[in-house]
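Multiple structures follow.
Paired with chain B in one complex and with chain C in the other, chain A is shared by the two complexes that follow.
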Partner chain A sequence: MRITVDYGLCDGLGQCALVAPEVFALDDDEQLVVAPDPAPELAGKVAAAARACPVRAISVEGA
Partner chain B sequence: MVGAGLAGVRACESLRARGFGGTLTVVSDEPDLPYDRPPLTKQVVAGTLTEADIRLAGAEDFGARWIRGTAAVGLDRVRRRVRLAGGAELPYDGLVLATGAQARPWPGQVPAGVLTVRGLADVRALRAAVGGGAREVVIVGAGFVGVELASSLVGLGLGVRVTLVEPFRRPLRALGGTVPDVVAAAARRAGVGLRLGTAVSGFRTAGERVAGVVPADGSDLPAELVVVAIGMVPATGWLAGAGLALPSGRVHCDARLFARTAAADGTAGAVDPRIVVAGDVAWCEAVRSADGPVPLEHWSNAAAQGELAAGNLLAGPAAADGYEHVPSFWTSAFGLRIKSVGLPGTGGRVVAEEGEPGSEKVVEAHYRDGRLVGAVSVNLGKRLVEYARRLQEERDRPEPAGDGRIPMPVAE
Partner chain C sequence: MSEIIDLAALASSAELEQELARLAARHEIIRTRQLNEQETWTVLGAALTRELLSDPRLSNDVHTHAPHGALVPGLQVMLLEQDDPGHARYRRLVTAAFASKAVRQLEPRITEITRELLDKLGESGTADFIDAFTYPMPLEVICDLLGVPGADRDPFRKWAMDISAAPSLEAMQTSAGELFAYCIGLIGAKRERPTEDLLSELIAARFEDGTGLSDEELSSFAAVLLIAGHDTVTNLLANALHELLTHPEQLAALRADRSLVGKAVEEALRFRGSAMTTVNRVALEDIEAGGVTIRKGELVRFLLNAANRDPEVRADGHTFDIGRATAQHVAFGMGPHFCLGQRLARQEATIALAEILDRFPVLELAVPAGEVRWLASDAIRGLEELPLRYARQAS
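Presenting the complex of A and B:
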């Protein structure tokens, strides 16, 4: 599974982190941090996190 | 599909993603293609996002037939038809109600130059007024729309002077705790004139146009442009007489988002298995405080309900999934990034659990009877994940007392 975040779009709203906290988190400055190489069984949650992104900054391949 | 906001668009996506191959008709009273609403009062007013940037769907999407700029005006559940303005009727096998809400209008006549802001057309009018030279703006109501607009307008760098008038003593008071005071201080620093604890009794005019806002204390606030931002009303006027339960004007739906019919005594009755509800218009039994269901007017709720409602409509009530959702929303104004999970407005005790209360970096947790009901962060959004997890655990815990019945307000 390959996750790409368009940081030009990402506004640090953190909706993805609420859906898939195993993979997405905000840092102290509310910048998005993505865990490398998420486990394959998280694919469903990652896809849901991408759909929960209000600015559609997350794309997922190979999920 | 009646309504083409976020909930309606997500329902369309969900229908096709689940293999629905039948005829899909989308009815919207707005002439514009679907667009995303949160940026309207922020980036679109500021001019950093265009109308194309916020488009949610194109006319070719979903293989749908789009009927735009035409309102649904009636529903006949027995004959399974939606009546449109102009008299046409659309038959349906399944119906998604996602008509959202409208800006609450000022109670009474308003002169030219007084706007409400809910949709793209409203923001076009606002931008045109400022582009045409309006520099003295009064915003009536310091809720999310009013505060975001105030921030965007003073941030334009055009010398727009903004006065925010609010009958309650704090802006964004729904957030509770110290956050409203932080917002008030930031607004003042940004140059916004705050008139808190001040009700508005009417408007002063010069000719046909507004020239000022008249507070109840008899003073006068000069205005070339006035925005009335006093909340929203669910768009269910067209459903009067349809036999659906409409508590507080919203469509009552069960925990699987199926619309409930109105029983003879006005309370909610059985579900209509062919009608699902999503977004601001829904009054869902699965979204509850300790006092019963509460309406949610948040982006994340509209997205999640739209997706589930469509899936459940295809599955039918027996095979449908329940709606499980931890509410969340965000707002930003005057450099403050505010986020929330749960239902902070329903708590009685507020505890600052990280950062300093009253500062611009804080997390405040809201408790009711010792149970966490919500949390609000200012510039500390990273902490909310933990609160969302705790709220999920609270939700999955059985209720401590009571008979488990949901209090049903009398339908309007």
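Presenting the complex of A and C:
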């Protein structure tokens, strides 16, 4: 699965990290950090995390 | 479960949150009656709240799927009553104005407005702090941000109270109509003569395809930012002061260590947040949740103040404690509709609380604690008045 974050849109709100903390986290500067190569069984959570983003900054391919 | 709860009637009690917790212990989701007599599912449990707030089977677009669930019939409220991807497309237009950097830049202006209002209170006296401070402060900030001329700001309190706290359906709809009409006029004026403010920026904003916002969309945008942008902070700040003044040991801890002010704001948000209930969602299909079946087409709303006292999250939820490691609340919602203005709200409340405590070493309720009156609203949690006795120096 390929996760792309549009950092021009990302507002550091952390809603994705609440849904899929295994994959998404905010660092101390509210910058979104994405774990590389998430396990395939997390695909559902990753899709839900993308939907939870208020500005739709996350896109997922090959899930 | 056949009981239908009248939230607005319960809300006039200070014990609302305890009563909700008693209900929540038996039902994660209950039926409540809304102002327009519609019945709606109302989610109380924290886990179910977190789950359903991001569930795509629940739509905010009630105008399309359940018009009887709209805030104001025929007037779609920008962002609140929209679904993705349209919602995100509109929200992107305003994210920069409410992002960390922009909000940090507002700090000197918020401090200035705060100090000017506190100056008017003089050395000592008794005043309703809602009227004297918690209402005008956030109103000035959001009007400055959007570009509402100072002379136009008088009717906003009535409009905001009628729309958010909604004493009656008629008052709510009349005030919403007046506010929308006002916004249409303001947008017309700014189209002719753009100024340095968010509303002028929105008028000039273009989507990827080169189109801009219509007057109706702009008016709805302005209205929702103006109302959601002050009334929530007014009541949050008043609630926060009320909790601190009725929990003297917490107030003393905050006075002794001013670095706790951010945590005090978070605990106030958790303990008795002002945006108590979300707008309606509508089920796009049958949903099994919390032991009930929500049928396609039925309305669902979330009682965030109940979720924030859920004993499953913490055993001591009814204790006001600013020392918590994390308040872990959903006072700003969650998911795609997570509050746009949460950074501004937090900053305003943090600055105001610190400035008020600095200014007045003497600050206390001017009425017995049991005599403050709570708004009989099913949407906004707040006080009718907050009469305080204050002094710059202990006598």
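In the analysis below, the second predicted complex is superposed on the first by the 63 of 63 C-alpha atoms of A that agree within 3 Å, B and C clash if a C-alpha of one lies under 4 Å from a C-alpha of the other, contacts with A are read in each partner's own complex, and residues count from 1 in each chain.
One rule holds in what follows: a contact is a pair of C-beta atoms (placed from the backbone, for glycine too) under 8 Å apart; a residue touches a chain by one contact, two chains touch by 3 or more.
What you see is a predicted model, and the numbers here were worked out from it, not measured in a lab.
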Partner chain(s) touched by A:Asp27 [first = chain B, second = chain C, both, neither]: first
Touched partner set for A:Leu13, first chain B, second chain C, both or neither: both
Touched partner set for A:Ala52, first chain B, second chain C, both or neither: both
Touching both chain B and chain C, residues of chain A: 12-13, 15, 18, 30, 51-52, 54
Chain C residues touching chain A - in the complex, by the definition given at the top: 50, 54, 56, 84-85, 87-88, 91-92, 95, 99-100, 334-338, 340
Contact set on chain A toward chain C in their complex: 9, 11-13, 15, 18-19, 30, 48, 51-56
Touching residues on chain B, where the partner in the complex is chain A: 36, 38, 299-300, 303-304, 307, 326, 328, 330, 337, 339, 341, 379-382, 384-385, 388-389
Chain B partner contacts - residues on chain A that touch it in the complex: 12-15, 17-18, 21, 25-28, 30, 51-52, 54
